[in-house]
Every structure is written in structure tokens, then in C-alpha cells.
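Take a look at the structure below.
Naming follows writing order (A, B, C, D and E), and every chain is counted from residue 1.
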Amino acid sequence: MSIVALRDAVVLLGRFPALSGVDLEVDAAEVVLLQGPNGAGKSTLLRFCAGLLRPHSGSAVVLGHDLRESRPAVRRSVGLLGHDTALYDDLTVTENLQFLARASRIEIEAVGSALNRLGVSARLHDVVVGQLSAGQRRRVALAGVALRRPELWLLDEPHAGLDQGGRDLVDGLVADAAADGATVLVASHELDRTLELATRRVTVVGGTITTDVVDAASVTDPPVQSKQES
Amino acid sequence: MSIVALRDAVVLLGRFPALSGVDLEVDAAEVVLLQGPNGAGKSTLLRFCAGLLRPHSGSAVVLGHDLRESRPAVRRSVGLLGHDTALYDDLTVTENLQFLARASRIEIEAVGSALNRLGVSARLHDVVVGQLSAGQRRRVALAGVALRRPELWLLDEPHAGLDQGGRDLVDGLVADAAADGATVLVASHELDRTLELATRRVTVVGGTITTDVVDAASVTDPPVQSKQES
Amino acid sequence: MSADAVNTGSRTTRLLGAAVLIGVLALILLGFFGAPEDDEQRDAVRMIFVHLPSAFGIYAAMATTAVGSVMWLWKRSRWWDIVAHSSAEIGVIFCGLTLFTGSVWGRPTWNTYWDWGDVRLVTTLILFLMLVGYLALRSAGGDENAMATRAAVVGLLAAVNVPIINRSVEWWSNRTLHQKSSLTDGNLEDLTLFTLFVGIVVWALFFVWAMIHRFRIGWLEHQLRDIDLETALIQRRAEAATESSGEESR
Amino acid sequence: MFADIWLVTNKDLRIEWRSRVTLSQVAPFALTVLVLFGFALDANPEVLTAATSGLFWLTVLFVAVVAVQRSTAIETADGARRALLLAGIEPSSVFVGKALAIAVQILGVEVLMVGGVLLFYDATVESLPLLLATCAVATLAIAASGTLLGALVAGVRARETVLPILLLPLLAPVLIAASRAFDDALGVLAVDGWAWLGLLAGFGIVNALLGMLAYGPLLEET
Amino acid sequence: MFADIWLVTNKDLRIEWRSRVTLSQVAPFALTVLVLFGFALDANPEVLTAATSGLFWLTVLFVAVVAVQRSTAIETADGARRALLLAGIEPSSVFVGKALAIAVQILGVEVLMVGGVLLFYDATVESLPLLLATCAVATLAIAASGTLLGALVAGVRARETVLPILLLPLLAPVLIAASRAFDDALGVLAVDGWAWLGLLAGFGIVNALLGMLAYGPLLEET
């Protein structure tokens, strides 16, 4: 059974067709890189798969749930890292993650290990999120996703703002998730990094998918930095 | 005369010494890369040089103005791209830039060319900024900086969120600015890109500068894949 | 559809419009010259021919809004959403008219334009304010679907007022200057009663007429959006064709 | 269900506590408004006494607007609303949780305000049970309506202004009923306070039920 | 200088116009508050007449809070304040520009409210010049103080609540003076309205000067 199955899906933001007809089938344990120019619709596609947007037309099934009807069920089983971090500024790092854990019915102990996993230093655990640096904040948000061990990971530019160590952690996280059988969709402009990770490269332009390359080879390929674009 | 001259500068955010004693001299037409782990103090250093923060102790002179006294004068002559984009969500792209231009006493015509320079497509000119994608928004913010032709460019992760074409545009922008005699400070985690641009590499850790390498070699290096626009 | 696209009228609405015009004329004639003046209120009683039909107009409009709101929430039917919006707008007009005729009437009969203690007056005013809020919300813009859902909830909250307005004279009989139902207790003169019915019928026709027009405007806007959407979709897909080679440089 | 409600209430109250908004800002705001009413009605003791209950509850309404605004701001900043959606808590639990947090804050302010009214407006309590019951019931009704409308305006561009124009008329019945009940409790007017209280309870229940039903669809539409 | 002022005023009004906030929201808000006073003072016509001026200006104060809140929200979203700072417009021009934008909106609402008061509160105008002068002067005073405090709270975490508790007491003198002037203009009380108007003007000037001076340092501290 495919994890994501979109057929001619159209999604409107206001009146703008941010997705203008997407066909996409993703199977379990795939790591799909979404690439494409700014404004192509990558973020919209991720938010759509997370069950946050309603399809205007077309059919869309994620994790076996139809997005026209049972979006809440989808939301419970995906993990989304967006451009914004969806954290409460006034709560500390730990409090934020504990809230997430409780709300998602996960044992509280997972919080500590998720923070360790993302390399959030102990000094920061009791700092209010509003005071973190951009990169620290994104690490915490990533820890929030990792915490939930979702079946489907939706990562919107997970490397952005992270330092070298952070980038490696993300790569490790994605690799582990795929190894555990989870499916990962990564939107990214940092192709040199993500190409190594991805088993498949999907190009989004103008709200549709223009190329879709299953790239078994690239796993071994060295990061040449180029090809694509320019 | 040096453009930036900090001596043992300490800056507090709340009670936290985000800069714990920075010594830095930057001369005209240098392109300085600020690197360092998350939370090191890079963004704080840039905002400090922009005249947005008050020094707690130490001495700090930017563009000939003492930061303890005449920060407004500094602000007028620098251009800062921060993690957030400092645009009005409810105004259109053009309106935002026109406002900036008028406020900074720049002819209105510069707006169109700045937008072109950053590759903001004509469709977007009359779109309200709140509706843009992350990368489009950052392009507009960059256009706002370019528009002002500042003497000192302070760019906080200018490549983040931009597609390949956008990244090349940024590189071109920085190269041109330096060629025009302006000084550029770039904080970035995307070393592979920025190393080519920078004439000097400064590492910030724990709010101070740990290494400071003048990288003469790279100056003569052609900005490889360059040429703006793919 | 193309003929209708030019204007929102049709044979039916023109007939309706004519009927309303004739009805208003008849109402004026009957109201001023037909119906007898009241023993106590003298000529002021004639206000009832506008006042009561307007009040019933509120009821009709709010009932329509409530149904439309429920149908949007339940079926997410755009048709019903536009119905709800249209009738709420007309409801504001009726509500304003009721308030206006009521307070003008109050001057000669109750010796005041307004009485804060009269529950019916107060609840009518609350409804009016809520409807103004409803329209403010609608005009705040944003995503269409989100707006429809928000408006539907507010519309239902506002509609809850209607039964209260209607029943208030019974529930708070010591706190009202209004008389209780005068239609059913049967001491109106025959001609007065007849004129009143004429008024109600005329206002009902007006309601239907205005609803059809307002709804058609809303529906045309909706269709225009669909047409826009078609072109937007084409343009959006065209981006893919032109830009798969280069970046959005132009 | 109860765990989720408590989770949400606890989070909101913790954020409040951390920023001390209610304690250091809403409460002074309430007192300020009370005093301003005093100024506006300018040294006319009879008028002030007659108007005490009304002014008390009007102030509570303004406090409610401020509290709801804050409660909504917490969720909308940096897409935090999304977190709630993705976490998969039942919307009705979120509703009850947020309403309770608001109710706790408003109740706290009311306690202070009763003191203020006794002091500044020279009022006396005739029936403490009625007074307490009115506060409790009215507060729950206000919190329920407020939370519902807070979610309603969360995605609207100018929510600072839309919220009060929707919330205030909706709460007008509460204002009236609670004021009359207070009139009785303070011995200002000889009305049947308990009857008004019943009305208040009815209003509260209707609004709470509506809120629990409507909150889900509203959270959906961002 | 004037160009800058106009630039800022124009931007704010344009944003307002785009979102139609004043027209479709602040004005109804004012009306709602006026009506709520009626509900709160329930069926006590004398009280209402005696209090008309006070309630009018109290409502204006609440409107001012809402308008300032909106005006501040415009600057604080996504660090837009920084843009103003970096652009290098004189802070005093920013101050005057924003104050004017607020004043225009409040004045518009007042016109409506005068209508409302005449209708619902059964008031009559005795001296139109005094009425108009009071509106103009008081509005400028309110706009000046409001803009100043708006900048003051912009960086504060919970500005939804801080603003009213600072602004309302600060404007208490305006409330009193404008109410007395209105009492005269509406023929409710035999006081010397023009004298109160003078006081109002003094207050306005002081606040405007203070604002122009203090705005710069306030913008500084983010």
C-alpha cells in the first residue's frame, strides 16, 4: 500500500492554485526529495500531506486516510517541520516538548532523549523558546518531530539555519527513520546534502510535478554539487 | 579607516551575554564570513553592528560612529537582512519597497530594478507580502537591502530558503557590492557557498571570536559557477 | 447564463419587483386612507403596517441565514453559504427598519425614542449589533472557506436571538412597553388587520425579490472566481513549462 | 479527555503565570476601568450606586475581551495552532481547556474587583451566596463564549478589532442578567436575582455546547 | 520632515484601508460600547442623560485603545519596526505620522458616535462649535498619547494587556476635560466648556511634545 497517493490534487491558498494538479505515489520507507524554485509549491505540498489543507479537487489518500474526509486521523500520524517552528515562545524547551509528548500520548521520558538526539545542550532545556537563536529553535522543533516517531516525516528545509553538526544530525535522523520503515518527504534547496539521503528526486514547479526520478544510484553518488539547475 | 572596529565589546540580551567580548576590525571592501555553531552569537553580532543593540561594555565604532552614542547615524548607512524579513504583511511587494525607498530618500525607480535584480517575478509585484512563499519573501527582503546600496551590508544567512538561482543572485550581489567598495559581513552555515565569496573567515563561538583567517587566496578565485541567473 | 451575467434580473424578478411596487402603493393607500385611526394612538397606529412586517422580515431573514449556515457547516455547500450571506445582509436592513420605525413610533405613543428596560427592544438591538459584526467579519476577507465557516457560526449565534425577541414580551411581561401579540387576540379592526396582512405580504415579496438579486450577485461572484481559477490554474501550470529550464528570473 | 483538558488549561495558565499578565496587567486594567467609570460619572454618588452592578459587569466584559485576546495570541504566534492540530487532541477538549484557563483568570480578577467596588463605590453585600453564584456562572458563560469567538477570529487579519465587536454584543445578555442578579445581591434593586441567575446558567450551557461543537470546524480552517 | 510624516501616515492609512478595519470594525465597536452602557445602566433615563458626555468620551477612550493596538500591531509583526529604524526616518516624524493616522480614524468614529448619542441617549446639541472644537482637540491629545504609549509597549511581551492599563489612566484628564466641555456643548451642565477646552489643548500640546521627544529613545529599545 502506498503511503501517499495523490491524483490530480489541486489545493487553493485563498484563490491561488498553489498546487495545480499533483500526481504522486510514495511507498513505505522511501526518502523523497522535493526540489524546485521558490514559490513552486513544495511547502504547500508538505502541509497538504500533513492534513492541514483541504483538497479543492482531485483525490488524495495519505496513510490510508482520504484527505477529503478524515484529515484529523492523518495529522495524528505525521510529523511536520515547517518554515515556522510551531513552538510556544513563553514556554521553556522542556515544557514545549512535554506538552507535545502529552498531547500525542507519548511517554514523557522520550523528551530528554529527543533533545539529546538533536544536540540541544542542557543549558537550554530551561530557557524560554522565545530567547533561542534561530538554529537552536529549529533544533527544538526537529526534536518535537522526532519525539513523535511518525510514520510519515514531512520536513520543510530541515537543514536551514543549522550548523554543520546540526546538519549531520538531521541526515542521521532521516536515515534512521527510513531504516525503521518510516517514509520521509524532504523539501530542500540544499541539494548537495539531500541528494545523498534521498532515494528519489521529485521536482515541483508551478504547483505540479515535472520530473520524478527514482535515484537508487545517487545513494552511492558523491555530492557533486551542481547538475540540477544552473 | 576601518569600517567596523570592536574592542572587547560585550552585548547583553536580557541578562545573557550573547557577545562576551568581541575584538574585530574590518576594512573597507572586505567580505567577511561569520561562521560558528548555533547560538554562537553571529546574529547578535550583526544586529549589534547595525546599531540595533547597545554595547554593555567595551568600545565599538562602526562607519566612524561610536555605537555608544550615535547609533541612529549607523543605522541609516547599513543594510541588514535578518532572520525575519521586516516587511509589512498587509502591503504589497511594491508598496513595501516604495515605502523603504521613500523613507531612505532613494528615487522610487530603484524599486523596480532592485526587484528585477533579485528575480522577483512581475506576477508577485502586486501580491501582498503575507501571501508569499518563504523564499519569495526573502528575495523581497534582500531587494530591500540592495535598494539602499548601503556602505555596510550585514547579511544573516542570505542563502537560506533561496533556490539555486536565488543563491547565485546573492553571490553576485555580494561580489558586486564588494567591487563597488562596500563592506560585507555574512553570517552563514553554508560554507561551501560562502567560502568562495569571502576574503576572510571569522569563527564566532560562545560570543567571542576564536579564529580569524584572512583568506587572500579566495579573493582572486573567480566566483565559480557565478554569472547570476543560471 | 450569459444573459443573466449582464444583469441579475429575470422575468420572475421583474414581475416580483413590479408586484412589490404595486403592493407598496396599495399599502400606502390602505394604510393612510383605508384603515381607521386608533382610539388611543390616533394616526400613530399606522406605523404598525411597516413595523410588524419589518419585524417578521427579520425572522424570515434570520431563519434563512440559520438554515444556510447549518447547510454550509454540514454539506459545505457554497450555494447555501451565499444564501446565508445574502439573507443576513437583508436581515440587517429589516432589523434597522424595525428599530427605526419602532423608535419613531415610540415618540408619540411611549413618549420616548428608546427604552433600555424593554427586553424586546434590547434583544432586537443586540441582534442588530451581531449582524453588523457578522458583516464586519465577512468583510475582513481571507480564505473563502474559512470565512464561510466563521460566518456560519456567528450567523447561528445571532439567529438564537430570534426566538428570544419573539417570546420576550411573554417572559418579561412586566418589563416591556410592547403589547403582547395583537394578531391573535383579535381586537384589531377588520380593515386594519387586512392592511397589516397586505403589509406582511408586500414585505415578504420584497424579501424574496431582494434575496434573488443578492443571491445572484453572490453566485456570479462565485462563478467569476471559478473562471478566474481556471485561468489561474492554466497560468500556474504554464510556470512549470517555462521554468523547468531556468529559474524565475523574469 | 480530562487529561487533555488539563493539559491545555495547564499550558495556558503556565504561560500566563510566566508572563504574569493577569496578575500585573489585567487586574490593574480592571481597577483602572472601575476608577474611570467613577470619573466619567463624576462625583454623583446616587448615580454611581445605582450603576454599580452594571459597571462591575461591564468591566468584566472588557477584561474578558483582553483575556481572550491574549489567549488567542498564544495560539497564533509562530503557527503554534498547527501544533495543537497535529498533536491530535480532541477540539472539544482544547475548547474546554482554554475556556477553563480564561475562567480562572477572570474569576481572579473578579475577586479583586469586588473588593474595589466595595471600597470605591461604597457598596454592601446583602447576599453572599447569590454574589458568588453569579460570579461563577457568569464567568463560565463568558469564558465559553470568549473561547469560541477567540478561535473564530484567530485567522482573521485584524483580530484585535473584530473580536470585541463580535464578543461584546454576544455577551450583552450576560451583562444584563448578571447585573440584575448583582443588583439583588448588593441590595440595590428589589429584583429576583436567582431568576436572573437561572437565565444566566441557560445562556452559559447553550454557549458551552455550541462552543464544543463549533470549535473543531473552526480550528480546521486556518 | 513633512514628506516623512505623510509617508508614515499614508502607509498606516493604506494598511487600514486595505483591511477596512476602521470602517467595518472600529466604528461598530464604538456603537457596541455605547449600547452596552445603555444596557449596563438599564432603564434609568436620568442617569443616562447625566452621564452622556462621560460615556461618550469613555467610549472614545476604548476606541483609542483598539486603534492604537492595531497601529502597533502593524509595526511589530515580523520585525517591521526594525525597518523604520534602519530607514532612518526621524523618530519625531514617525511619531507625528502615526499619530495623525490614528487621529483620522478616531475622528471618523466620533462623527458616527455623535449620531448614536443623539439617538439612543436622547441628547441635543446646544453649541455646535464647542462640540466640534472639543472633538478635534481631544482627538489630537488622545492620538498623541496613544501613539507614544503604542511605541512604549511595542516590545513588551503581552502588549494586548499592557497598553490599556497604561493608556487609560494617562488619558483620564482628557476624559474629564472633554466630558465637561461636552456637558456644556450638550447643555447638560452649566459649566464653562471653553475653559475646559483650553485645559484639553494644554494637555494635548504637552503630550505631543513629550511624544516627539520620547519617541526616538523608545524606538531604540526593542
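We take it that contacts are C-beta pairs under 8 Å (C-beta built on N, C-alpha and C of every residue); 3 or more make two chains touch, one makes a residue touch a chain.
Values in this document were obtained by computation on a predicted structure and should not be read as measured data.
The busiest chain interface, judged by C-beta pairs in contact, is D-E. Chain centres were defined as the mean of their Cα atoms; on that basis the chain farthest from chain C turns out to be B.
Taking shared numbers over all numbers used, the chain A to chain B interface scores over half, which places it in the same class. Per-chain CA centroids place chain A at a distance of 39 Å from chain D. The centroid of the Cα atoms in chain D and the matching centroid in chain E are 25 Å apart. Between chain A and chain B the centroid-to-centroid distance comes to 28 Å (mean Cα coordinates, whole Å). Residues of chain B in contact with two or more other chains: 90, 163-166, 230. Touching of two or more other chains is recorded for residues 19, 157-158, 162, 165, 168-169, 172, 176, 220, 222 of chain D. Contact of a single residue of chain C with at least two other chains is seen at positions 122, 129, 132-133, 136, 140-143, 145, 247-248.
Every residue of chain A that touches chain B in the complex is listed here, in rising order: 13-14, 16, 36-40, 43, 83, 124, 131-136, 139, 157, 160-167, 189-192, 225-226, 228-230.
Chain contact summary for the complex, chain E toward chain C: residues 19-20, 24-25, 28, 31-32, 35, 38-39, 41-45, 48, 119-120, 122. Considering their complex, residues 3-4, 7, 11, 14-15, 18-19, 74, 77-89, 216, 220, 222 of chain E touch chain B. Within the complex formed with chain E, the chain D residues making contact are 19, 21, 25-26, 28-29, 32-33, 35-37, 39-42, 44, 47, 50-51, 54-55, 57-58, 61-62, 66, 69-70, 73, 157-158, 160-162, 164-165, 168-169, 172, 175-176, 179-180. Contacts from chain A toward chain D in the complex involve residues 50, 52, 71-72, 75-76, 78-80, 82, 84-91, 95, 99-100, 102-104, 128, 144.
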